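In what follows, subunit A forms one complex with subunit B and a second complex with subunit C.
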Partner chain A sequence: MPKTLGVIKPTLVAFEEPIELSRGGRLSRYDLIVETYGNLNADKSNAVLVCHALSGNHHAAGFYDGETKPGWWDHYIGPEKSIDTDLFFVVSLNNLGGCSGSTGPLSTNPETGEPYGPEFPEITVDDWVHTQARLADSLGIVRFAAVVGGSLGGMQAMQWAINYPERIGAAVIIAAAPRLTAQNIAFNEIARQAIVRDPNFHKGHYNKHGTLPISGVGLARMIGHITYLSDISMGEKFGRDLPRADHDSDGANFAIEQYLRYQGQQFSERFDANTYILMTRALDYFDPMDKKKKGLADLLRPANSKFLVLSFSTDWRFSPSRSEEIVEALVQANRQVSYARLESVHGHDAFLIPNPIYERIFESFMNRLHSELGAINSDQ
Partner chain B sequence: MPKTLGVIKPTLVAFEEPIELSRGGRLSRYDLIVETYGNLNADKSNAVLVCHALSGNHHAAGFYDGETKPGWWDHYIGPEKSIDTDLFFVVSLNNLGGCSGSTGPLSTNPETGEPYGPEFPEITVDDWVHTQARLADSLGIVRFAAVVGGSLGGMQAMQWAINYPERIGAAVIIAAAPRLTAQNIAFNEIARQAIVRDPNFHKGHYNKHGTLPISGVGLARMIGHITYLSDISMGEKFGRDLPRADHDSDGANFAIEQYLRYQGQQFSERFDANTYILMTRALDYFDPMDKKKKGLADLLRPANSKFLVLSFSTDWRFSPSRSEEIVEALVQANRQVSYARLESVHGHDAFLIPNPIYERIFESFMNRLHSELGAINSDQ
Partner chain C sequence: MINNSEKIPKWIHENSRVLDLGCGEGQLLAQLIRTHNIDGLGLELDPDKISICLTQGLSVIQHDLNRGLPNFNDQQFDTVVMTQTLQAIRRPDTLLEEMLRVGQEAIVTFPNFAFLRNRIQLGIYGHMPVNPQLPHPWYNTPNIHLSTFTDFEDLCKNLVIRILDKDTSDLSGRHTLLGRIWPNIFGEVAMYRLTKEL
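Take a look at the complex of A and B:
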């Protein structure tokens, strides 16, 4: 039996000071919903921040009471796992603008007494990193041993290394990219269009109209889902199979159609449309080079942390060559970087899926970080 | 000045006998709209059939009176072009089920006096090849010197080689695949879902409701369009540019978003939703191996024609490896095959775009076919 974190309870952390956002918006206050796993050591040096991707949330590991499905990264976070909670204190939050408990479009705007809905201000990766640093302050964490994330989460880890070079020991950047290409933006735009063209969207005011754009959100998820899988994994799983007889085929001619519709339907029942739009825009806007008018190497030169960069062979959303752009910039900037291009058939989703070599590389990097923490501590 | 075909007029060819369709449907009669370029020689041996792709039609080359935009393959069809109309008599039709003049969902069902709409029977590549052979009969063409097509058009060329080995001299199969993968089907399914989820679609009865699902068709086209371009060509053309100021940005943050919306809008005004669904299903169903319960090599062994197979380096809709499956099967079946994997940044669309090496390979293959025709003729 593998060890488990057992039952986890999230905590709501309130921030009563206003925040100015990087695209011009402002919130007078906000909440972040947070989970932690493991124990913070006496000198508060063993904290690891986990950043979630587009549709992720704070529930990264362990189980909620009465549920059988663990958090989204449970395979990689827990006792004796890659991020070993016997060694590290892991902090995982739902990002600002999310729909899983942190302040976002579903929350009540204190100035109007109504939900923000589409009036929720635009959010960027910079804003997330800023609010994550405030969260660290509130927990008394001056410096994270590591900031870790996959996909959009990896972009947050990279932004941390740039914005707070003294506040992180390592950045683990998995299946990410220095910024989106036109094709990446195009896929996000199509997902957004699927939502805004749903007549139940009502320009984002669906709650006021007592509707939900589940058709549009479902379609957006179907589009996203294709880009998370590889041609190979879809071929292995579905090929040209006919629809499964034990599920409603609803006119589908092939199993892959039935599967995508089901995935879209499931997602549309749990995810807020305005948050989906906000998150995809944050992805599109992410461009630390443009913001600073610097090349990637110049941008990363002041970074003080170690870097682990990981990519997956069949990931075509953020292909290995995109991760290698980050690695090359780090090498050029003379930073400490380890890189692995991992073999996997699972496309972009590979960063979430069990994979022994991925686990071992990730774990040994994290364990080394921990042993160095020990060295720092005993030196003191 | 390059030579031009000048002004072209299409002809409607009526077929008054009924046709039984391969998925069980039946039409009591039908029309095909046809263009021809060049002159049929005395022994009717110099005819070339051009098959169109998903959203193509019969207007492959030349100009309509008063229009400045030529047919979709004008760069490759015409005097002294790859398919040289000084040498060949080119036949180009809108396939059955189309929306450009051939009998399709927009046509009146003679049994009801109403447009077929969603009741138009399902069509397959086999049905197209069958109706194209009837068209050849009506033109007195016993044997095509070549059947040529890109993408779904290439699948028709391949099906011709299988179904009518004695009736074609060569099959030119460009940017195609032996059948669709789960990922290919998934993209088609998402395009279909974009259409059927548009409330103006009314289960295909939009004409009865006096509506048009332009929003859904536009979105479907945006999805398709991404898969026709490459990451590289989109990057070169748009990158992370801001929207163009001389066009309505309509809230788009990047030029690529503006471009895709414009493309979708344009397409939705000219293309019938039921035809789009019918065409994507024909693509999905195309699977000559499954139909005959044979491997590709066994299937192609009786083919009598020569083959030219062409693929494009950045085509990810039907990548070079998919074309190479066809080539390997042909080699295994001991057929005469020439193959080139052409360098291009233009993704799947490359088959439509000027490219000197592509032009030269295509032209020299066609010219050789013609010179061999001459040899056959002078032997007689």
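Take a look at the complex of A and C:
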């Protein structure tokens, strides 16, 4: 039986100073909901920031009281796991604009007294990294031992290495890409169209109309979900099986249809439509090269951190060749980079799923970082 | 396993940038970081070995050498090292050229197929050699391009590669008198330092 963190409680951290956002918006104040695991050491050098992907949140590991489903990365965060909470102090937050407790479209706009809804300002990966750095300040963390993330989370880790080279010891970039391709943006656009074309969406003002665009959000999730899996994993799990009789089949002809409908339904009950649009836009606009008009290698040259880049063989949402673009740029910039292309049948979702060699490589890298912490401090 | 620990470090400059092709568990890189303060990078295919490199804090990239070295710039490294791997590569000639494109110097080691024991096993007994130097049977061996010292030097000549240094030894890195006199008969392991520069 693997060890677990046990029961976890999130904390709400309030930021009363305004923030200017990179696409022109502004928030006079905001809250971030945060979970932490493990203990911060005396010199505050063992902190690890975990960044979540498109629909993730702050609940990365452990259990909420009375619940049986752990956080989304529980397999990789905990005692004696890849990110060992006996060694590291892990910080996990719901990003600004989210719908799990941090300030986002569901929150009340202090200037109008109404929920922001579709008026919530546009957010970018840069803004997330900025607010995460403010969160670090509030926790007294000058430098993260590592910033870690998969998919959109990996992009945040990469942006950290670019924006705050002195505040990050290592960036772990898993199943990510240096920026989206037209195909990636196209999938996000179909998902957004599914939402905005739902008659219950009301241009984002569904709360005012007392409706919810459940069918649009569900459809968006079904599309997204297909891109997170692989043909092989869907074939292994469902093949051409018929719907399961013990679940509501709702007219589905095949098990995969029943599964996608169930996933869409579950997601639409927990995820806000405006947040989904906001998050997919942040993903689309992510392009660290565009703003500085530099190649990726030039952009990464000032980075001081070590890098671990990981990709998965059957991931077609962000295929191994996309990760290899990051690796190639880091090699050309003479940065310290390690890379593995891990075998998995699970497509993009592989970064969340148990996999012995992935665990071993991730853990080897993290444990070594921890053993180097003392050396870094004695150098300074 | 062939012992490279003695000679290779003598051919590496202090504080230089070194690429190790097929770095395995990173013994050579770790040693060179300790003794020569190199900036080292390894390429390795086996993820278990990559994991062992990571526990030592080494930088290592998973890569199949049969794909060449397209991700590296010209002259990005001072030295590119490849120990006991040349004979397992699909196109040793193109990889040698690649090594000297990305590095100023290359260090290559490989087993000498013309070593006396191999000559006896093949020439007298009529069998493909199987011995501590070449432990695999012919039908299941990674060593698909075996060569002799003479063959290798011919290839270098064809590719206009200059041999800066060479060294012959037995499997444990020892030098024998006969190996020095007739390397292509009595030398078991060849070690070459190469460059493209004139």
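Just so it is clear, the second predicted complex is superposed on the first by the 376 of 380 C-alpha atoms of A that agree within 3 Å, B and C clash if a C-alpha of one lies under 4 Å from a C-alpha of the other, contacts with A are read in each partner's own complex, and residues count from 1 in each chain.
Simple rule for what comes next: a residue touches a chain if its C-beta (ideal position, glycine included) is under 8 Å from a C-beta of that chain, and two chains touch if they have at least 3 such contacts.
Keep in mind that what you see is a predicted model, and the values were worked out from it rather than measured.
J.: For the overlay on subunit A, clash or fit between subunit B and subunit C?
T.: Taken together on subunit A, subunit C would fit alongside subunit B, as the superposition shows.
J.: Is A:Ala333 in contact with subunit B, with subunit C, with both, or with neither (first, second, both, neither)?
T.: Neither subunit B nor subunit C is touched by A:Ala333.
J.: Let me test your reading of the model: by the given contact rule, A:Asp198 touches which partner, first (subunit B), second (subunit C), both or neither?
T.: After superposition on chain A, A:Asp198 lies in contact with subunit B alone.
J.: Would you sort A:Ile353 into first (subunit B), second (subunit C), both or neither based on which partner it touches?
T.: In the superposed model, A:Ile353 contacts neither subunit B nor subunit C.
J.: Output check: A:Gln183 vs subunit B and subunit C. Expected answer is one of first, second, both, neither. What do you get?
T.: first
J.: When the two structures are overlaid on chain A, which partner does A:Glu324 contact: first (subunit B), second (subunit C), both, or neither?
T.: second
J.: Applying the touch criterion given at the start, work out whether A:Leu212 contacts subunit B, subunit C, both or neither, answering first, second, both or neither.
T.: A:Leu212 contacts neither subunit B nor subunit C.
J.: Tell me which partner touches more residues of subunit A in the superposed arrangement, subunit B or subunit C.
T.: After superposition, B is the partner touching more of subunit A.
J.: After lining up the shared chain so the two structures overlap, which partner does A:Glu372 touch, if you call subunit B first and subunit C second: first, second, both or neither?
T.: Touch partner of A:Glu372: subunit C, not subunit B.
J.: Between subunit B and subunit C, what is the shortest CA distance in the superposition, whole Å?
T.: 20
J.: Considering only the contact definition stated at the top, list the common interface residues of subunit A for subunit B and subunit C.
T.: Subunit A residues touching both partners: none found.
J.: Under the definition above, what is the set of subunit A residues touching subunit C in their complex?
T.: 306, 308, 324, 327-328, 331-332, 334, 336-342, 357, 360-361, 364-365, 367-368, 372
J.: Where on subunit C does subunit A make contact in their complex?
T.: Touching subunit A: residues 17, 39, 41, 47-48, 50-62, 71-73, 76 of subunit C.
J.: If we count contacts the way the header does, which residues on subunit B are in touch with subunit A in the complex?
T.: Going through subunit B, the ones touching subunit A are 179-183, 185-187, 189-190, 193-194, 197-199, 215-216, 219, 222-223, 226, 229-231, 234-235, 237-240, 252-254, 256-257, 260-261, 264, 281, 284-285, 287, 290, 316.
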